[in-house]
Each structure stands twice: as C-alpha cells, then as structure tokens.
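This is the structure, below, for whatever I ask next.
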Amino acid sequence: MSRWRKRTKRRHLTEKRRSKKAGLPPGSLVHIGEQRQAAVVLSVLDYDEEGFREQIPVELPDACSFRDSASVTWINVDGLHDPEVVQRLCDHFGIHPLVQEDILNTDQRPKMEEFDTYIYAVLNMIYCHAPHDEIEFEQVSLIIGANFLLTFQEAGGDVFDPLRQRIRENQGAVRKNGSDYLAYRLIDAIVDNYFVVGEKLGERIEAVEEILIDRPEPASLHELHLLKRDTIRLRKAVWPLREMLASFSRGESRLVQAGTLMYFRDVYDHCVQMIDTIETDRDVLSGLLDLYLSSQNNRLNEVMKVLAVISTIFIPLSFVAGVYGMNFQDMPELRWKYGYPAALVMMGAVALVLLLWLRRKRWI
Amino acid sequence: MSRWRKRTKRRHLTEKRRSKKAGLPPGSLVHIGEQRQAAVVLSVLDYDEEGFREQIPVELPDACSFRDSASVTWINVDGLHDPEVVQRLCDHFGIHPLVQEDILNTDQRPKMEEFDTYIYAVLNMIYCHAPHDEIEFEQVSLIIGANFLLTFQEAGGDVFDPLRQRIRENQGAVRKNGSDYLAYRLIDAIVDNYFVVGEKLGERIEAVEEILIDRPEPASLHELHLLKRDTIRLRKAVWPLREMLASFSRGESRLVQAGTLMYFRDVYDHCVQMIDTIETDRDVLSGLLDLYLSSQNNRLNEVMKVLAVISTIFIPLSFVAGVYGMNFQDMPELRWKYGYPAALVMMGAVALVLLLWLRRKRWI
Amino acid sequence: MSRWRKRTKRRHLTEKRRSKKAGLPPGSLVHIGEQRQAAVVLSVLDYDEEGFREQIPVELPDACSFRDSASVTWINVDGLHDPEVVQRLCDHFGIHPLVQEDILNTDQRPKMEEFDTYIYAVLNMIYCHAPHDEIEFEQVSLIIGANFLLTFQEAGGDVFDPLRQRIRENQGAVRKNGSDYLAYRLIDAIVDNYFVVGEKLGERIEAVEEILIDRPEPASLHELHLLKRDTIRLRKAVWPLREMLASFSRGESRLVQAGTLMYFRDVYDHCVQMIDTIETDRDVLSGLLDLYLSSQNNRLNEVMKVLAVISTIFIPLSFVAGVYGMNFQDMPELRWKYGYPAALVMMGAVALVLLLWLRRKRWI
Amino acid sequence: MSRWRKRTKRRHLTEKRRSKKAGLPPGSLVHIGEQRQAAVVLSVLDYDEEGFREQIPVELPDACSFRDSASVTWINVDGLHDPEVVQRLCDHFGIHPLVQEDILNTDQRPKMEEFDTYIYAVLNMIYCHAPHDEIEFEQVSLIIGANFLLTFQEAGGDVFDPLRQRIRENQGAVRKNGSDYLAYRLIDAIVDNYFVVGEKLGERIEAVEEILIDRPEPASLHELHLLKRDTIRLRKAVWPLREMLASFSRGESRLVQAGTLMYFRDVYDHCVQMIDTIETDRDVLSGLLDLYLSSQNNRLNEVMKVLAVISTIFIPLSFVAGVYGMNFQDMPELRWKYGYPAALVMMGAVALVLLLWLRRKRWI
Amino acid sequence: MSRWRKRTKRRHLTEKRRSKKAGLPPGSLVHIGEQRQAAVVLSVLDYDEEGFREQIPVELPDACSFRDSASVTWINVDGLHDPEVVQRLCDHFGIHPLVQEDILNTDQRPKMEEFDTYIYAVLNMIYCHAPHDEIEFEQVSLIIGANFLLTFQEAGGDVFDPLRQRIRENQGAVRKNGSDYLAYRLIDAIVDNYFVVGEKLGERIEAVEEILIDRPEPASLHELHLLKRDTIRLRKAVWPLREMLASFSRGESRLVQAGTLMYFRDVYDHCVQMIDTIETDRDVLSGLLDLYLSSQNNRLNEVMKVLAVISTIFIPLSFVAGVYGMNFQDMPELRWKYGYPAALVMMGAVALVLLLWLRRKRWI
C-alpha cells in the first residue's frame, strides 16, 4: 500500500504554489514552480533560407543583440528561477510586464494573447516518466514577434531537438518560413507528444482493465484513482489549448501569415482528437470503477453464499447431534439398538433435503 | 471468464498507434494503423450519362491519366500501407501534403475541409464482425474534385458494391449527376450501414437485458462493459460526423451543387437519428448497470436472510441442548422423568416463538 | 418475474428495423415498421366556410381529383405497408421522392422541412395501452400545401375524430381557416394526447413510489426499469418536436399565415411543458432508484444486526456450555454442589453484559 | 413510516390534471386545477398620484367599468373555477381566447407573451405550509395593459397585502408610476417570497444533515426523498421565470417604460440568486444521499466486524470443547491429572493468538 | 463525532437571512447579514501623482467633502449594519437606491452594473480561518466613479493593506492612474487571495486522500462532506465573478480606460484559473468518495472472508465432534481402540480438504 501512497505524495510535492504571489502588485516577477535546473541556460538559433547561426549556451547580451537581425531569431530559455534574466531579455524585446509575470508563473492556463508587436502563447509540455509512467507538466511560453521567437521552459531537455536538427540541415520548410511557422512547429511538436502520453495512459488503463476483469484487487482501485487524477490533470491542460489554437487558426492576427493558418488548423485538429481521447478515457475509467464495484459485490455474494450454504446445512445437523448429546437419564432413543444409525440416517436425510432446497434456489 | 478477456484483448490489439508520428515534421507520410491487406489495389470507374469505363485493378499511371477526362472519375484505393502510392496519386491531383498525411493517419476524427479545387472529407466505415458482433472501424477518405472523386480505404471489401452495380447498369440518378452526388451516395451508403451496426448493438443490449431480468451473472457484467465500450467508440465516430454533414448541407462549398444539398440534408438527418439511437443506448446501458447492481443486492439480501433465519432459530436451540449436555453431577432436570420430553417441548416452543417473530418481520 | 419479461419482450418486437434499407439508393420506397392494419384506407374531407364533402373510404384516383378544388382538401391515409399507394398519391401532389421515403420509414425523428409548394412535417402520435399502460408510438406525416393537407398514419384509429366532427358541424374556427390552421389543429390534438400519456406515466411512478416507501420488492425494480425506458423513449420523441414547432412558430414559411403563428406558439408552449414534465419524471425516477437501493441496504443492515445480536449472545454461551460438557475426569466445578446453578448464573451474567454492551451500541 | 406516506400522498392529490383538455379545440375555457375557494371574488383598486378608489368585493360589470379611467386600474380575481367570470372580464379588456385558456389552465410554465395592447405574464406564487413545511404552488396570471393590470389567482390570500396598504397610504413610488411598475411590484413581492420558501427548505436540509451526521435513520432517507422532490418542483417553477424576467428587463416592450427596466433587472437578479440557491441545494442533497449511504455502509461494516470477531474467537474454542466432549472410551487426555486445566490453558492460548491476530488487522 | 457536528453547525449559523426583506418595497435599506463589527468605520484616501491625504477614521461629512477634489478619492466603509451611514454617503455621491439596497444585502451574487456616472460591482472576499481552515465569505461592494471609489465591507481587516502602503509610498503605478485602476487593484487583491483559500482547500483534500488510501475512517467521510460543501460555496462565489470580470475587460464602459483593460483581462484569467482549480477539486472529491466507498467495500469483503473461512472450516468439524459426543449406548466407533485418533485424523482430513478448496478459490 505504501508504494501507492508514496507515488501519490510525490505528485503533490511537485504542485506549484500560486499563493506566494497574493498581495503583490501586478507585474511582480516571482517565479512560481519548483526549481528544476541548476542554472538558467540561454540558447540562440538564428536562420533564414540562406544560412543559420547557433550559440549554445549564449550570454544574455549576446542573445539580445540578435534582435535586430532580419533573419528569424529563436531564443530559448531553459530554467525560470532567475527572474532577472527573464526580465532583462523581455525588456529588451519590449514585452509587457504582465506577460513577464505570466511567464514566471508556471501554473498558467494555456492561452494566447495578442499585443501590438508580438503574440504571447503559453501551453504545457507533457511527459511520461518511467518507471510508473507518472505524468509531468512543464510550462512553455512563446513570444512570437515579426522576426523573432522567444521560448521559456522550466527545465532543459525538450521535444524540440528533432526540429533543431532539421533547421541545421535545412530539411523541410522551416528555413523557408517565418517565426510564425517556427512557432507552429514547436506547438505541433508539443501536441504530438501528447499522443505519446495519451497512449501510455491508455496502456495503463488497459492493464487495469485486464486485472479487473480477471480478479479485482484493492491495488487496482488505487491505480484507477491515480489514472483518474492524471486524466483530470491532462484535461485541464488540453481543453483550454483548443481555444488557443482556434484563435491562431482563425487568422485574426497580423503576425500569423495566411500560409501558416492551415498548419495551425491541423494542430487544432490534433488537439480536438486528443480531447476526444481524454473524454473517452474518462468514460472508460468511470466504467471501470463500476466494473470494480460490481466485481467486488460479486465476490462478496460468492463468499456469503458459501457461508450461508455451510451454515444452513451444518447448523441444523449440529443441533440434532447436540440433542442426543444431552445427559437426560431417560432418553429412550439412546437405548434403541439402531438409535445411532437411525440418528445418522436422519441427519443424512435432513442434509439431503437442505441440499435439494439449496439446489432449487440455484445456490449450489 | 477467459473468453471475455480474449475478446477485450483483441480489441486493444487493433488500436492504432498515433505516437510513432511524434517528432516528425508536418506532411510526413507515415501509415498509422494495422496493415489490413497484402497489396494496395487501385480501381477506377469513369462515367457520364452516356457510358462508363471500369478498370480493376488499375496501375497507378493509368489511373492518373483519367484526371483530364470530362466525365466523372472515381478512383478507389484499397490499402494504405504503401505511402508512395498515395503520395504519387495525390500529387498528381494536386492534393496538399497535410491532407495526404491525414489520409494515411487512420485515426482521424470525421471532418471536412475545403480547399481551392477539392474538398477533403474523412469518416469511418463501421462493421459488425461475427461471431461476437465485434465492432470494427475502417477509415474512408474522400477527395471530392470538380469532376473526380478519390476514395482511400484501409482494406478491400466495402459497402459500395451495390452502388457500383447501379452505375454500371445506369440505374437511378448517379450517372446523371456529378462527383458531389457520387460522394453523397458513398457517404449515404456508409451511414446507412451504421444502422445495421446500431441494430446489432441493440440486439446485444436486449439479450443482456433479458438475462439480467432473469438472473444476473458476472458474465453479463462483462458483456455490459464491452457494450459500453462499443457505444463509446461508436459515439466518438458519429458525433463529429454530424458536424461534417452539416457543413456539407449548409451549401457553403462551390463544389457541391444546389441540387445535391437536400440529399446531404437527408443523410444529415440519418446521422442525427443515429446519434439519438446511441444516446438512448447509453441511457439504457447505464440503467442496466443499475439493474444489475440492484439484482445483485437483492440476491445478497436473500442469501443473508436465509442465513439469519437458520441461525436465529438453531443457535438458541443448540445452546439449550448444550446446557443439558453439561456434565454437572447435580442437574435436577436431568433426573426428572419427563425431563427429556419437557426439554424437547421447550425447544419447540422457543423455535415457534422465533418463527412467529420472524414471520412478523416478514422475513419468512 | 416472467410477466415482466414478457412485457419487456413485446416492446422489443415492435421495434422497427431500419437496417433493411441499408444499401438501397435514396428515394427507395420501402416501408419500415410493422404492418399494423390489413388494408390501406384513404379518406378525404374537403371543406370551406360554405360546405364540406367527405368520402370514407375513397379510391386513390377519386382522392387525387380533389387536388384542384379551391377549398381545403384533407386526405388521410391509414396504413403505410403499400408503398405504391403512397407513391401515386405523392406523385400526383408533386412530393419529392426523399419525402416519400421518409413517410414510409416510420422511425423518423420529428422534423419539418420546407419545400417550394409544401411543408413536410413528421411527428409521433403516442398512446397508452391497457392493461399495463404500455406506451406505443405511431408516426404521423403531414404534407401541408397551399390548399391541401395530406396525412399518413401507420394504422387507423387516431386522435383526430373530435376535430372531424367539428368540421362536419362547422363548429369553431377550422372551416374559416386554411390548411395551415388544419395542420395546427392536428398537431395540437397529437400533443394534447401526450399529456394523457404523461399523466399515466406519472401515475405509474407514484404507484411505484408508494410501494418503495412502504416496502421495496424486486418487482418494483423491474417496474422502475420499464418506466425509465418509457421515459427515455418519450424524451426521444418530444425533444426534437420542440425544435420543429419552433420552426413553425418563427413564421419563416410562406405557407403558414401570420394569424396561425400564435397558435403554433401555443402548441410550442405545450411541448416545452411536456419536456419539463419528462425531465422531472427522469429526476424523480433516478431519485426512486436511490431510494430503492437505500431501502435494500436498510433491510440488509437490519437482517445483519439480528444475526449479529443472536450470534454475539449465544456463541459465547454455547462455548461455556461446551466447556462443561467436556469429559475430563478431573473437573472440580462439576462436582460442586451448586456448580450447575452457578454455571447458569454465570451464563446469565455473560448474556446480560453482552446485552448491555449491545444496548450501548444502540443495536437493540 | 405511514406519516411519510401520507405526506407524499397528499402532494400527489393536489396535482393538476391537464389531460381533461385533450381533444378540445384551442381557446376552450376549462379550469384545470383544484377548486381552492368557494366563490370567485373580484376586487378593484384604481389609483393615480392624486387619489385612489377601492372596491372589495366588486361585481363584474362594475369592475369592467374601470377600464376607461385614465388612472391605473388593478383588478384582481381570486378563484378560477368559474370560467365565465374570467371570460367576460377578459373579453371586455380584449384579451385573446388562447390567453384566457392559459389563465384557467393552472399548470402553465412561467412565461411572458406580448400582444398589441397588453402583455400576458404567468408565474407561480410559492408558499410553505405548516406543520411539515410542505411547498404549495399557486398560479398567478398578470395582464399588463397601458393603464390597467388584471391579476388572476387560484385562491384568496396572497403576498400583495403590504403593497395594497402602501398604495392606499401613498407610500413609496407606486402611485407615481404606471401599471408596468405595479406589475413589477407584484412580481417582486412574489419572488421575494421565494426566498422565504428557499430558507425553509434550507433549514429542513440542515436538520436532515445534522441527523445524518449523528446517526442515519430510514426516516431521514424519506425526508431526503421529499426534499429532493420539492427541490425539483421549485426548480421547475424558477428556471423559466428567469427567462421571462430577462424578456422584461431587455426592454423590448412598448408597455414597459424605460424607468421600470432597472427594477425588472433587479428582480431578475433576485431570480438568478434563487436559482443559485436551488442548484446549491440540489448539490448538497445529492451529497447528503452519499453521506447516508456511506454511513449505512459504515454501520454494516461495524456490525459485521463484531460478528466476525465473536465468531473468529469462539467457533474454534467451541470446537476444542466439542472434541473433549466426545465420548470415545480411549481418550488419554481426559484421564490426565491436569487435563482440564491444560485444556483451559490451551483454549486461552488459542483465544489470545486470535485476539492478537485480530488486533494486528486493526479490527479491535 | 460531535466535533464535526459543531463545525457544521457554526457554518449554518453564519448564513444570511434574506427572507426578512420579503414584503418590503424596492430600495428598502435593510442590512442582511450578521453584524461583524461594533462600529461602522469610514476611512478616506485621496491621492494623485503629486501627493496623498489620508484620514482614518473619518467622519461622514468630512468623507463626503472629498467628492469634489480632482484627485482620486477612495472612501472605504467597514461595517454595514448602520443603513443610515451607507444611505447618506451614497446619496451624496448620487447612487441609485436599488444599488444601496444591494450594498446592504450581503448575499449578493457577484455582478457589475453600469450606471450613467458610476459602475457598481460586488464580489466576495474569501478567507480561511484557523484552526479548521473554515472558509468565510465577506461581501465587498465597489462604486467606481470618474474620480472616486467607494468600497463597502462587512468588517474591518481586509486584503487591501499592502496596496494602501504602496499608495502612501508612491510605489508602482497606482498613483499614476485613475479610480478604475484602483478598482482593478482591489479586485486583483481579492482574487489573489482566492488562491490562498484554494490551496488550503487543496491541502485539506490531499490530507483526506492520504488517510483514505491508508485506511478509511468515518471521520474522513465527514471531512469529505465538509470539503464538498466548501467547494460548492466557493463555486457559487467564483463562477459569476468570471462573467463580471469579462464585462469589465470587454471595455464597454466609458469609466474604464483603455489602458486598464488588459489588467482586467489579467484578473479575468486568474478567475478562470481559479474556476479550473475548483472544478478539478470537485472531480477529485467525487473520486475520493468513490475511493472511500470502495475501500469500505474492500474491508467488508475482507471481514466476511475471514468469517466465512473460519466458519467453513470449524462448523463441519464441530459437527463431527458433536456426533461423537452423542450418548447413544451403541456407538461402535467409540469403543474402537484407535477411535479417538481416527476421529482426530478424520477431522484433520476434512479440515485439509476444506483448506485446499478455499485455497483454490483464492480466499486464503
């Protein structure tokens, strides 16, 4: 049992504490979330159709200097626990203090907000962690400007590496497009990874289902409970994302070019598909709980039936034996020659009648 | 029990794995789904009011050559596991790479998307498989152009054969109409087949219901569970279809002629009817679960009542017998002449009182 | 129990089989539904403010001849199993083949569709059948033209007779109004009859409720289940009707005159009221199921408490008796003079202590 | 138990029978509802800023004569069982027959309908009746004309008396405003009274809650059931009211002056507040049912644990005693000197081991 | 148990009584709510970018005199039980009587209403009280004028102190902005505090969860029940707030400047986030109830299994012992030399068979 408790516990510990901000003025830059990484690491990737420059890690002033290049500049920040880095970078790019606050506050609801010179988008990267397939959330903020893209992550190690490789090798269409297309590719990579998580969840659900159909155990109940929680958390992350992607694909923003719209519509479709999957999982999980409860009841019924059958047969027999175990001086049956066999036969007859009765009730 | 487990299992194995696409760029043509058929088979059916040409199977270049005919060209692809065939065919007809990706990714949500020169529509063909009436889904993609229709299926063997026959024999209105009407006829054939599946499901529900009302068994619980899952999956396929058909029947597309709109409205009505049926099935299934649980409780109550009645009567009697079985030297009752009959009478009296009491409680 | 099964069964048998249409082209006239009546009977009622003509039964050609009269012509068809009659009549009045198909397909969802020269409306007539108050559905189709009204029913015997009488006797406003008002009157008669069915249902619910509060029986559970099914079916018939009546009362149709609109609004109100009633019934039924389950639990608790009390008191006593029934040679208590009374007193004391303990636990 | 049944019963008897109208033409004036009052009583109150005239009771012709006064005329009708009175009054004021029908049909859904020269509004007055705080509904219809207001109630005795007094004494703003403001004041008085009913309901819920937390009884279950029913009925009355008040406060009607709009918005707010309360009550009630079921389970568990503990300890002991009560001739233990004490010690040891085992399982 | 009852009770006692207003005319100033504070205390804070004036406490006439200053005037009223103070202040600022009524009626639903010269907004301040983390609600009303802000609270002691300090020290942007920004800052402070309450609630939920997973106790059930109630109450306070903040951020009001809109959008986002949290809590709580019920069932099953195992083994054995305890004169087994060991062996064999059978059923 304690294993389950520990797993549940650990999840709580990673919860973010939003309350430490209560009472502070708007735009106060306080990092909310656990510190996931020792140092804040910046990296820059500047490219156009002709070529690309890359610096990992890069110092803050160097990163800022890329702002004025005509080519697309992607600055990525790993680690948010140093508000000053975020602030100086954002100030250089003219980002509103409220947005800076949102970047640092890592329990944001997925959303997109349009400003004059940039779009702010925030969503969750979702991972499955071995060995228990625990689901972990990491907030990713994107600032999409005309020719730059800033991304902020809580920790290093992300799902963007294949894309970086493609940019370096000039594969596909990324290098031919602007920062909006790059943003789409990042969001697409994040959403694609949801399916990995969703399938892991699906496998865990199937595993529980098989155990439940076979023989229900209390441990399955706890796994069911954890699965339910994970589904609830996934849902909380994916539902608002849909709205955000719809905003992108409606093409209301000047910063998203017409050619990129249908890509956003594609990732929107993926998001809706993911929502379908989550809702189905919820339905299946609630069905599994019913299955568990019914199986439990079945077992209880079975146990009680055995108890009732044994008792129904032997309690009357024991009574008969008890009667002839009484010590009255004058019990004529006791002196009969065939008293003992007669008693045994009588008991057998009683048992037989009871057995037939139970059989007719279909208990045995 | 193991039969149930096997059936549940098989269903999981046929699930599609969307995760293998994670990390790939958009437009990557990867077939997601099981390989249902050995070879990819193309067939072409080209017709107008005057005549028709048919080639089964047809080579890819030959199929492509039909593009420029003025008559309606219907090219059907059975089997999706060879991305190259799909890609070459689609490229020839000028289909966007994202659409090609969707065609190959066989866990699409039903939807329709309009492009400049064609409409992309995707939905599920649903079958019932003997002997356990398992429900199977097969994705069908339709590309509706001005004078052509491309259809992509996961496997051969579909619900379109009666229609093909009618085209050959020039029965009905198909030959007189364009590719939009042909698309309607295909979608209508698919949706009509939903009712076959729905009725099979309904029959299975009725079968369970009858068993449940008669005498509930754990096996019915598992069947209920499978039915619930099937309903959830059906629902996932039919709900978005409604939206798609509404898009068609609103007549916003240049490619769908005014005369075809009311046919799409008709199939939209059928879809809504199917949704009604599914929702009703869901309600009925949840009612059956309640019925099962209550019946279980009823049986438990009955079992416990028998146990309680037997115990209530015989435990006190056995105690009396036990008392007179004690070996105290000085137990005056034991030496009474009518001690034994008196004891028996007393036991009978106790039993009678208890029986009357139980009768008043309406337990017996 | 078998009575319940039979009732449930019969309901299933009257279900319609939509699947026999799968694979047929649109406009195929196949009657879906049970054949409720031996012969198809046509009747005609032609009237204006001045007079009326009536023919029951009427031959098809005679009925058709009324089309061109300036007065309002109401042709009623009882029985749908002869597609030819429907087809010839409809063709004469210029009705679209898809509508003809819908008329014959008797599991339509209530809806209204407007065409150039007529409105097609379809809804359910609902009856309660003695002796078990089973609910039966009969589809009624209305074709509302400028000066004619065609009605199609599955069987003879309907709720329209009082209206026919009023037309003959020129009572009320029917003779003074057009075919739209006549259609309203028919729909109003149908919807009014819903309340009769709703009240019967309400009475059955009350009957079950009273039994449940008194003493729950498994039979009530089955009745609850049937009631739930009936409510679900009613709901399926009435919800879409609301939408249909809203379409009428919005006055978008040229064929419905302004003066008739408020009458349609009135029947719309009735429909909403009926929906309210059905939703309330659903809530009450789900409350009754909770009540049933809780009552069952109560009874189980009571049974177990009696069992526990009897066992708690007598099992220890029997043990004491068993101890003094042992045959050891050297058991000093057995030889004491007051050993036996002492043992009895001790048992009494034990019983008393246990009784007090149980009393403190409030079990007795 | 029978007290509960009686209370439930009485509620049913007061239900209205809508079905007696089935088959009648529209505008048939049939009173639906119980006859609550012996005679139909009319009263008139005619006022403007200068003065007021009042007649209680008033004869019908006298009441009608007030129509043409320039001052505001409020005619109130107590008792609806005499359709003729309603008809003559309404005809005099030019009210449509369908509205007259609605006035008499006392199971209307709250609604407002605008006509050329008047607004028809209908809603429920809700009372709590001692001693069991039963909730009773009375329909109130309002006809709001330019300078008159007709109100129709099922019985005398209403919540309007304070308002009448204020008119007589020219307190507040009533005398300064028109009939629309008077209508607002009446509706406000009715809605204000909902809060009294809501609080009574809240108190009953709290009372049940306290009992449930203390010790659950079957009686609480019945009270819960009645509370649920009352909440459902309240909900049915208040939800549509919201829509009606929204219609008023949107100010679409010529008959409601701009200055009165914000008053209607205020009563709309109250109505929404009431809906909030009802929804909260529903949530709390469903929580209480869960609490009840869980408490029942707790008690069952407790009972079973006692039974299991007693049985686990004494059944093995009794068996040992039974063994040494056997009458075999050659049982060496029986002849041992310390056989008996040894047996007792052994039994004690067995009991001790079992007790420790049960303790480790935390059963005792 | 009584501790729980007391806690529940106290919450009820603090409920507000809306019913004392029933029957009063609109605009009647009656304070609804408990009297939380001895005296009504007014404070004033008048500032612009240049400087600020503060008076705590301030007399009513002095407070009123600030109205005509060009600088922003914030008048705060602590305590609402003296209607006269509210009335005189509001009359001086030209506030509508219906608004005054709403200020005093402390069970308002959060809302905002726009008038010609001011906006009325009302919402709840929410606190957690030690030691049981009970949630308490206090109504705050804001009147936002062009250059003034009136706030009304039920008691002193609020979440505004940090803001007051910032105004005095001219930190941040408050002094540079108008009354609309001040209003935003107050609302933001209130909503920020919701997160503190939400996290406390989350902690209590986790605490219960851990206990439930470990070993369920009836006390956890009561805590669950209290948590559910608290969640329902929170929900009731936060849902309508969302609508109110949306009204603000849509920027329809002349009194809210364009620059403040995005701040309102920010607090709107926080509110939506809070709603997400509450909904998640609700889901988790309902999952915990299921967990509790299942755990209870598990324990019952376990108890019954032990009882059944003990009974199944010992009841047959006791019967055998009982048979050989019978006193028949002629029982040959009793005289056999190895009768006793044979009987013991037989009993052992019976026990062994039963044990093996139970093992195969996986009960032991």
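By letter and in written order, the chains are A, B, C, D and E; residue numbering begins at 1 in each of them.
Everything that follows uses one rule, which is that a residue touches a chain if its C-beta (ideal position, glycine included) is under 8 Å from a C-beta of that chain, and two chains touch if they have at least 3 such contacts.
All of these numbers come straight from a predicted model, not from anything done at the bench.
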| item | value |
| --- | --- |
| Cα superposition of chain A on its sequence copy chain D - rotation in ° rounded to nearest 5 | 145 |
| Distance from chain D to chain C - Cα centre to Cα centre, in angstrom | 26 |
| Distance between the centres, which are taken as Cα means, of chain E and chain B, whole angstrom | 42 |
| Contacts with 2+ other chains: residues of chain A | 293, 297, 300, 304, 307, 311, 315, 318, 322, 325-327, 331 |
| Ring order of chains, beginning at chain C and proceeding to chain D | C, D, E, A, B |
| For the chain D and chain C complex, residues of the former touching the latter | 1, 4-5, 8-9, 12, 15, 17-19, 21-26, 96, 98, 107-109, 111, 113, 215, 218, 221-222, 225, 228-229, 232-233, 236, 240, 289, 292-293, 296-297, 299-300, 303-304, 306-307, 310-311, 314-315, 317-318, 321-322, 324-327, 331, 333-335, 337-340, 343-344, 347 |
| Footprint of chain B on chain A - complex, ascending | 159, 162-163, 166, 171-174, 185, 188-189, 192-193, 195-196, 198-199, 202, 206, 209-210, 213-214, 262-263, 265-266, 269, 272-273, 276, 280, 283-284, 287, 290-291, 293-295, 297-298, 300-301, 304-305, 307-308, 311-312, 315-316, 318-319, 322-323, 325-331, 362-363 |
